[in-house]
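Quick one: the structure is below, questions incoming.
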């Protein structure tokens, strides 16, 4: 994962994204294996790795009866590497960056969910970071807030930080990430750049018919790869990889073979199909 | 399918678990150290210090002749006389009373200072309170912080040989107890030297006095005598058939440096109720009076038996007793069990070290004996 | 799994943030300690608790002023009319078994479990605050709070007493009369001694607090331990156990009011408190150093 990349950490709810992030931050101990962050083994060398890491874990959490600024002051005081002298300016800069300056002295209790989320990101930006770990940064935000966070993330990446974003939203990851890792049931199933993953996705055809056997035979003869059939209601849905076959040649061949064509579509496979293929589960595409 | 990576991971997991467990060694070791230290500190007297052998007689002489210029120390006194619980307000609970009269039950801490022959101070340390008995030449003070009261006694003429203003008789320091016990030494007593002990960090001989007469309630009296100064450091009175002392008083800390003179001066704080007493030393005529008084008292008091089993029978003041047998008697007395026999009837107070019978006809019989002996004495 | 390659260049994500040299560990510890103390002392519900603590001496003083000394009653009360400073001692004696331990248990129970409950613990650990460092700071703030709470009761008691009854002659339990300055010094010693005992209870609370994510549960458990020790202390059959009970020595603070000060029980009280503090802090550390933080 190169520096400056935005890594989308994708998986359905309960797939182990947050658990992985907790392990990376040394909050929980893995039952086996040793994760490394910035080359440092965790949790043994948490103190060396984490100062270079800003994080947002499982939603924002602050003292409700303190103002946003005082919450940040407290976080900064907790950092053994942070100097008190520069605390004021660093906190102001972080608040400015997430656009919370006007509400800095309001009690955290009075913050909206979006403001809370942004305060948590500000907390991650108190120091220059090499790596930002953002767990569901747009969770619960309105579209406006989501857009702001996306801008913020791409700005940060442009500044040279590596960003790890976990999400169960495919659309989000597709929009802001350059790299993707897919997690399911505690296992990392695939990772690579978005384009690499897209390259795996061969164009496919989908056919709706009531005579699957004949249709598959004809498709095989035409040279379509790996036709699969599944039942949908009264009909069968057959999908197959297009390969080098001309799309225009398929329907006439089927009709000639007396296959009732109830529906036909040729499309490049979406990432979603890839992930469904990998995880066997769907994602919330809407958000 | 155990690949090398798998076994590596298992090993990792085991190391991690072991390390997690290992961390608990620290608090457990600290706890063990603390408890062990506490046990050791309270059991420091277990080893027998080597001392040159001495006979009982040698020890007795040494104790009688022991003279220290002064000392200060802390005394722990424990009384477990097996008396029916008295409504002193100190029963149960961690609060300890600062009232000298409460010394008859429970454990108490006293501080003792002496200097020369005529200066002494005994302080009973209670929770949030203190009673002090200070004797300085011809002056004596009894101070109670709880009542904010002081009793001031002045001796005119020659100084008294024992300091007894107020209820001093209750102040049980090891010396006073030892004095009492040694007075009882007579042909009815077996005296022996037991194993050496350590009291208040000092090696000491242990003198054991046991009554020959097995009708006595007293099993034995143990007196720890400081090897160097022959000062009694600890006295424990064990009731017949018991293993734990019914009454014990001993130094937990002692220092033979002469205390500062200011320790023995007392001036009551403002707002204190001071009761003044003057005790005049008996002149010749008074002495005659006193003898007559004593005779009167003696006529009221008879002693039956000898030594450890002697029973004292006194004619009680009817008004003071509040007519024990009648309904008007005080509640405390009423609570005692009723006894009767050919000697009459009355109420019995029975403890581990002594028994007392208060008869309905106003006599009191007291002795360090079982009740039967009291009844016998009353019959005479 | 490697989350990111080790980067060499510093990536400036906070423009104003020139990191500079990392501060001295002691300086940064003091900074966190000050932040923690400020958090504890400015929290509204903690202030309310402290207000309740300081209401007791006021109540005692006003009651004595209006109805006089009725004989009996809590210790030291009878002497209040002679010297107002006795209000402080009476209040401390009254609050010793429950009020002050409750206040300390409250803060101690909240220390780790409260942060876990709010979720702020995971952010502190991700900073990274350092688990051992966090425990030292949390415990130091508990010691500080114990002293503050005890001093508050004494100061409020001393002030209200001085106003209502004046500061006449102060006498010790031994009957010695001492000066005003010496009285204040002895009061200060009493507060320090009691604070040491409460701070040891705080260590128990800190340990309990690492076991749960429910601050109220941790507080209740700590209070129960405190009350339990008081109860055990009243059972005379268990007298062999009494010297090992933390609370057994608390009432020995009266020994500071003797002349000369009787140090026997005070020393044992301080040693016991120290032993409790060390054992339970280490237990908290053993528990917390590898605890999975999942809230």
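Some points to look at:
So that you can tell them apart, the chains are marked A, B and C in the order they are listed, and the count of residues begins at 1 in each.
Quick note on the criterion: a contact is a pair of C-beta atoms (placed from the backbone, for glycine too) under 8 Å apart; a residue touches a chain by one contact, two chains touch by 3 or more.
From a predicted model like this one, the values you see are computed outputs, not experimental measurements.
Overall, the chain located most centrally, as judged by its C-alpha mean against the mean of all protein C-alpha atoms, is C.
Ranked by C-beta contact pairs, the top interface belongs to chains A-C.
Inter-chain spacing, taken between the CA centroids of subunit A and subunit C, is 47 Å.
If you average the Cα atoms of subunit A and of subunit B, the two centres end up 81 Å apart. Rounded to whole angstrom units, the spacing between the C-alpha centres of subunit B and subunit C is 38. The multi-chain contact residues of subunit B, meaning those touching 2 or more other chains, are 16.
Contact with two or more other chains is made by residues 29 of subunit A. Each of residues 290 in subunit C touches at least two other chains. Touching subunit B in their complex are the following residues of subunit C: 75-76, 78-79, 82, 93, 168-169, 171, 173-177, 230, 233-234, 236, 239, 242-244, 247-248, 251, 254-255, 258, 260, 262, 264-265, 275, 278-280, 282-283, 285-286, 289-290.
Here subunit B touches subunit C in the complex through residues 16, 19-20, 23-24, 26-27, 30-31, 34-35, 37-38, 42, 74, 92-95, 98, 107, 109, 111, 123, 125, 127-130, 132, 143, 145, 148, 150, 252-253, 263, 266-272, going by the rule given at the top. Taken together, the subunit C residues at the contact with subunit A in this complex read 1-7, 9-23, 25, 27-29, 31-32, 34-35, 39, 43-44, 118-120, 122-130, 133-134, 290, 292-294.
Residues 1-3, 7, 20, 22, 24-29, 35-40, 46-47, 50-55, 57-59, 61-66, 73-75, 77-86, 89-90, 92-94, 97, 120, 123, 125-133, 156, 159-162, 164, 188 of subunit A touch subunit C in their complex.
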